[in-house]
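Take this structure first; my questions come after.
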Amino acid sequence: MTATTTGPTTTTGPATTTGPATTTGMEPTVVPTTTTGTEILTMAKALTLGLAAAMQSDDKVILMGEDIGPLGGVFRVTEGLQKQFGAHRVIDTPLAESGIVGTAIGLAMRGYRPVVEIQFDGFIFPGFDQITTQLAKLTARHEGTLQLPIVIRVPYGGHIGAVEHHQESPEAYFAHTPGLRLVSPATPHDAYWMIQQAIASTDPVMFFEPKSRYWPKGEVDYGSAGAELHTSRIVRAGTDVTVVGHGAMVSMLLDAAELAAEEGTSLEVVDLRSLSPIDYAPLLESVRKTGRLVVAQEAPGSVSIGSEIAATVTEKAFYSLEAPVLRVSGYDTPFPPAKLEGIYLPDVDRILHAVDRALTY
Amino acid sequence: MSYTPETLQLLAPDGTRVASDATEAYLPYIDALTEHQLREFYRTMSVIRRFDVEAGNLQRQGQLALWIPSIGQEAAQVGSGFAAKPQDHIFPAYREHAVGHIRGLDVVQIIKMLRGLTHGGWNPAETGNFHLYTLVIGSQSLHATGYAMGVKFDGMVGTGDPDTDTAVLVYFGDGATSQGDVNEAFVFAQSYQTPQVFFLQNNHWAISVPVRVQSRTPLFHRPRGFGIPSVQIDGNDVLMSYAATAASLDAARSGEGPQFIEALTYRIGAHTTSDDPSKYRDEDEFQYWLARDPISRFETYLRGLGEGEAFFTEVADEAEQFASEARARTLALQGPPAESMFAHVYSQQHPVMDAQRQQLADYEASFEGGA
Amino acid sequence: MTATTTGPTTTTGPATTTGPATTTGMEPTVVPTTTTGTEILTMAKALTLGLAAAMQSDDKVILMGEDIGPLGGVFRVTEGLQKQFGAHRVIDTPLAESGIVGTAIGLAMRGYRPVVEIQFDGFIFPGFDQITTQLAKLTARHEGTLQLPIVIRVPYGGHIGAVEHHQESPEAYFAHTPGLRLVSPATPHDAYWMIQQAIASTDPVMFFEPKSRYWPKGEVDYGSAGAELHTSRIVRAGTDVTVVGHGAMVSMLLDAAELAAEEGTSLEVVDLRSLSPIDYAPLLESVRKTGRLVVAQEAPGSVSIGSEIAATVTEKAFYSLEAPVLRVSGYDTPFPPAKLEGIYLPDVDRILHAVDRALTY
Amino acid sequence: MSYTPETLQLLAPDGTRVASDATEAYLPYIDALTEHQLREFYRTMSVIRRFDVEAGNLQRQGQLALWIPSIGQEAAQVGSGFAAKPQDHIFPAYREHAVGHIRGLDVVQIIKMLRGLTHGGWNPAETGNFHLYTLVIGSQSLHATGYAMGVKFDGMVGTGDPDTDTAVLVYFGDGATSQGDVNEAFVFAQSYQTPQVFFLQNNHWAISVPVRVQSRTPLFHRPRGFGIPSVQIDGNDVLMSYAATAASLDAARSGEGPQFIEALTYRIGAHTTSDDPSKYRDEDEFQYWLARDPISRFETYLRGLGEGEAFFTEVADEAEQFASEARARTLALQGPPAESMFAHVYSQQHPVMDAQRQQLADYEASFEGGA
């Protein structure tokens, strides 16, 4: 079977302009675009395959970014794709993020579906103006006659021991911006499917890839996505405290749940998956059951997605809460030098510490 | 004032034709113009100026939040606007009312923006590929470049078929040249050799800031440093504006890559109706440019070609009528419904929009209930 | 007496470089810089006087921005200052916000204290990268050897009937960014003093000026600031529900309190004044008394300062809360066309509606 | 490869001096160099190369998270670094180890950054005004321009006093030229006529992207479009790098405004130790540039001047020692204390920092309690 996208985002897409195709299809296929069954893959490889599948099924899908061509991206997510689809579909751009996002907007107006790679979280800011004042607003500005199916892939987060600007989690900036959709996969399976669903979306999608999860392997089921793009998911059932997070936090929450179980505390773990909009139903249902919620994220806590979840869950499940929603997050400092990241970032201990605090109420 | 020895001109301020070696190559474009086209140049400049005055009046009468006058820049806009072919795409800044009009935009759409009814709202596919106004200075330059990359990827450049080959024309001001985005647009355009013409209207001011603060060097030198061919023209000369744009668009469509035109012109009015130029501009400069008015210059030229009074009277009447129709339609404009706020933030269903639309409806209903 | 700054922010400041002074002091003084007693002023004028006083007391204070010279800024806040202090201290810059912020950083490294004017809220985004990756981080990056006394003035907010990008409230983006301080005055008095305190701060301060409050007049006491920069303040005492906001919201909250009082509900009104850090003590004390809190802001509600206040107050005053913290805010859409701003923005009715809801718990 | 007819060169790849009309004006700078200075050029290039190799080894041995090699770019850096006067300020990107060394930066500071112990942390006032490395491409160009504006406002330009007049020297790469910030720096520098030299090390690659993607036009043309005088030099010729920088700094200090140098050089190593150039670079290009090595060229030249073996042996020993000291000191580096995270986010007391510092301390104490 062909890897097609599923979910509500599969619509007809914007009117595309015709013209001579730029890909000949003559190049040797180096990345399989049709797969079946299941396979154990890294998230990086799952993304490569997901991108390849999307490019195969719609030749308006193009990739743009710094070093994504012959190098295959600094994380090798686009490895082999330029060879397979040609330099007009996997485009090494000049070194200018505003230029990349701004020209991607123009290309989308022309009927393309650009998938932009930002090299590292901390380097999205030169493109922030185009994202905030243009990409996020142009659909509304056109009042229904323009769709902007652009995906901005942002490798993000810490735990990789890297230098300044290479370990940040800037989701909050975009979650505060109306007009953008934000998602973040936690597993290779979700990465494979969510990147295709994001590309199929007719709205701009910020696609946050947890760098520290690029290399661990997991099973990908090529047969079915299993969920729509903007849904959260309970990944471990429990009864005492609900813990929620996204991206790299999810595996940490699962580890915490394992440890907590050994000590007799049952955690219910929610994988947020979609950061904007947030799918609150499973979370609220869980909180109504447990009465306690801990939100974990790598980003600084102030004015963050964690703040929003705390505020909203408290508003919607006020009478169910036995304890305030507690946040475990990066401190409100710049991401520190790598030797301190283990202290800066939430870990299993800090999550369990918050769980314990939630249980003291 | 900022004319240089390289400034290209076909029509002197006194309405006489001038010739030079440098403009020689442009003459075929002028020679090919029909009388009808020349009349259309004049008609469009006159109608838009009259409309512009009317819109200013409407603003003063409280009918618009703001008006952005284009008076004085008609030749730059009308010449370049008529030079574009139907398949070309145009990315304006926010002052290119004449270009929009030429491409088929209903100018009342612009009025709607400045009355606070919409942030744009026209459909470029229905306005001769005239895209929305962009208020964040310089942003549109990158959209234009991206669009032109797409045209090139589509193979619609250099085919030799005059109805296929497509170019993009992007407008921006002297102030905009300082923005990173505009310079990045030069980088991308040159790197991908996009079919694109950058059209700079140097009207000498960015609100109150004179162009010399943006650059002590003539701005048409800038793109050359990026490897983009460029010319400086008398932007108040509609013939030169037409010919230079037509030639540059032809070069772009045929695959010669991006081109650049600096049109020297002047913002005769205020920056917007919120502005007070008396605070920063001196009378001499103003008078200097008044004497170089694009419309009266062209009128003299047409009269010299034998155009009779009847035509000028007809145009004046048409302009009057155009303005009064615009006024009437402005006064009849209806406000957008509240729920339109939520309608197009996303192109697909979105739970937050649904919830907030409902919240607003419930809230408003709570008053109707008499609470 | 001379208008000097008070509060904890008055320190020695960065080592300044010596060299020939650039201001001769020969120009006629057009804006008084020494004032006594009290005066009824607009906020715009109070800011002009506050800037003049700061420039007078420290000749390293310079102003930079678009149209701030002969025009005096589009809101006339710098009116007369270029005439008074010279073109080297009131600098009309090229039209490039990243350039303005970036060069202000360099000037601060040289010992200057630049006060940058961003023309409108929506035009801060081209400068976002320099603010986020440089201005906010350079102090930490230097580990104690660099101070960056830069003030970025941002006229913000709606209710002025303007076109796109001219009515926004982007505070949340900066409140999520460690390394920045954020304040917003609600009255002419606070404007006069807080701008001087902000300039005296040795850290970068984002100074949010509520545009719709530029023209109403209020009393300025030249004798005393009355409060330190990063403090919030109870501006009306009450017992039933606490309402908190900043900038233009404050007068609206006071109006709401007046109306509520007529109906027998007593609102305690808190003027936040400082958005980062937030001075929680008065707010928590109030909430512990009333048990109910409504947060009002013009910005979209999601992932906002309102979210943070809701989350933090709930965490710190959990057992005191009779109702969830409710937020009244702009909707999660781009700021709409001006004709709809009255519906989009919180008004007295929406605030009272939220108060009523809080009281139903 | 990217040499143009305008590329200035004093020392050919084979180590012989070359003369041309274009370089004539630079000769006084060279003639004024003492033997000692020439030896210092060689010594610095050699020591830093050896250090660079050592740092790469340390990275491979797991002692550094990353290393950023400067091998191949020593002449560009050493020539320009020695041309600056003590009062000048230098804003590097992140590869200018040799320049830092010249200005008195302890290179172990750079190692600390790349070991994950700091994001900077040196004090420019103690490192010969060598400012911190900046990793966001191009950002430092605006800081440098602002700093130079300050120098000018301070009146420390064009006084004629050689110890007063001050210039700013800013480094960036070929990739950086595409960033809006760098182009805005050109705009501001030219507008305010700052005492500033832009020093572009065109090492032909931005990670895996060849310079032709950034520009199809020689990059030294770019600043000319902004009105900034510019030259292109053989960046692997330490004499040319020195003379061009000295002359440009002199021009900047004397009030002639910003100047620009494009130094053609080559990144012999990987972009960083995380990079694999075999994926994108071909052997021919690599060999071409190996043959133009800056150090061996200068060694030949010095030997031609009569420098004996003893000196070269001495330098080799010194380089060995420098590297092994750096290694030893690297291995002895201590991690920063956890609370340092909170120490300098703000320069003044901050309640959130206080609270979170305490929170962390309490949390850590909860483990010590044996919980």
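Think of it as A, B, C and D in the order they're written, each chain with its own count starting at 1.
Quick note on the criterion: a residue touches a chain if its C-beta (ideal position, glycine included) is under 8 Å from a C-beta of that chain, and two chains touch if they have at least 3 such contacts.
Here the structure is a predicted model, which means the values were calculated and not measured.
Participant: I want to compare two interfaces, C-D and A-D. Which one has more contacting C-beta pairs?
Facilitator: If we tally the contacting C-beta pairs, C-D comes out ahead.
Participant: Going by C-alpha centroids, which chain is farthest from chain C? Tell me that one.
Facilitator: Chain D.
Participant: Can you check how far apart chain C and chain D are, centre to centre, with Cα atoms defining each centre and the answer in Å?
Facilitator: 40
Participant: Between chain B and chain C, what's the gap in Å when you average each chain's C-alpha atoms?
Facilitator: The computed centroid separation for chain B versus chain C comes out at 37 Å.
Participant: Please work out the Cα centroid separation of chain A and chain C, and write it as a whole number of Å.
Facilitator: Their C-alpha centroids are separated by 34 Å.
Participant: Hey, what residues on chain D touch two or more of the other chains?
Facilitator: 118-119, 136, 178-181, 184, 187, 191, 213-214, 340, 345, 352, in rising order.
Participant: Which parts of chain C, given as residue numbers and ranges, touch two or more other chains?
Facilitator: Touching at least two other chains: 93-94, 96, 98-99, 122, 125-126, 129, 133, 137, 140-141, 164-165, 178-179, 302, 331-334.
Participant: Applying the document's contact rule, which stretches of chain C touch chain D when the two form their complex?
Facilitator: So the residues of chain C in touch with chain D come to 8-9, 11, 15, 17-20, 22, 62, 88, 93-94, 96, 98-99, 101-112, 126, 129-130, 133-134, 137-145, 147-148, 178-179, 181, 201-203, 230, 277, 279.
Participant: Going by the contact rule at the top, pick out the chain C residues touching chain A in the complex.
Facilitator: 122, 125-126, 128-129, 132-133, 136-137, 140-141, 164-165, 172-173, 175-176, 178-179, 276, 299-300, 302-308, 310-312, 314-315, 318, 323-327, 331-334, 361
Participant: Using the touch rule from the top, collect the residues of chain D that touch chain B in their complex.
Facilitator: Going by the criterion above, the answer is residues 177-181, 183-184, 187, 190-191, 193, 213-217, 221-227.
Participant: Applying the document's contact rule, which stretches of chain D touch chain C when the two form their complex?
Facilitator: It is residues 118-121, 123-125, 131-132, 134, 136, 139, 141-151, 153-156, 180-181, 184-185, 187-188, 191, 340, 343-352 of chain D that touch chain C.
Participant: Enumerate the contact residues on chain B facing chain C in the complex.
Facilitator: Its residues touching chain C are 65-66, 113-120, 135-137, 175-176, 178-181, 206-209, 213-214, 274-276, 279-280, 335-336, 338, 340-342, 345, 352-353, 356, 360, 363, 366-367.
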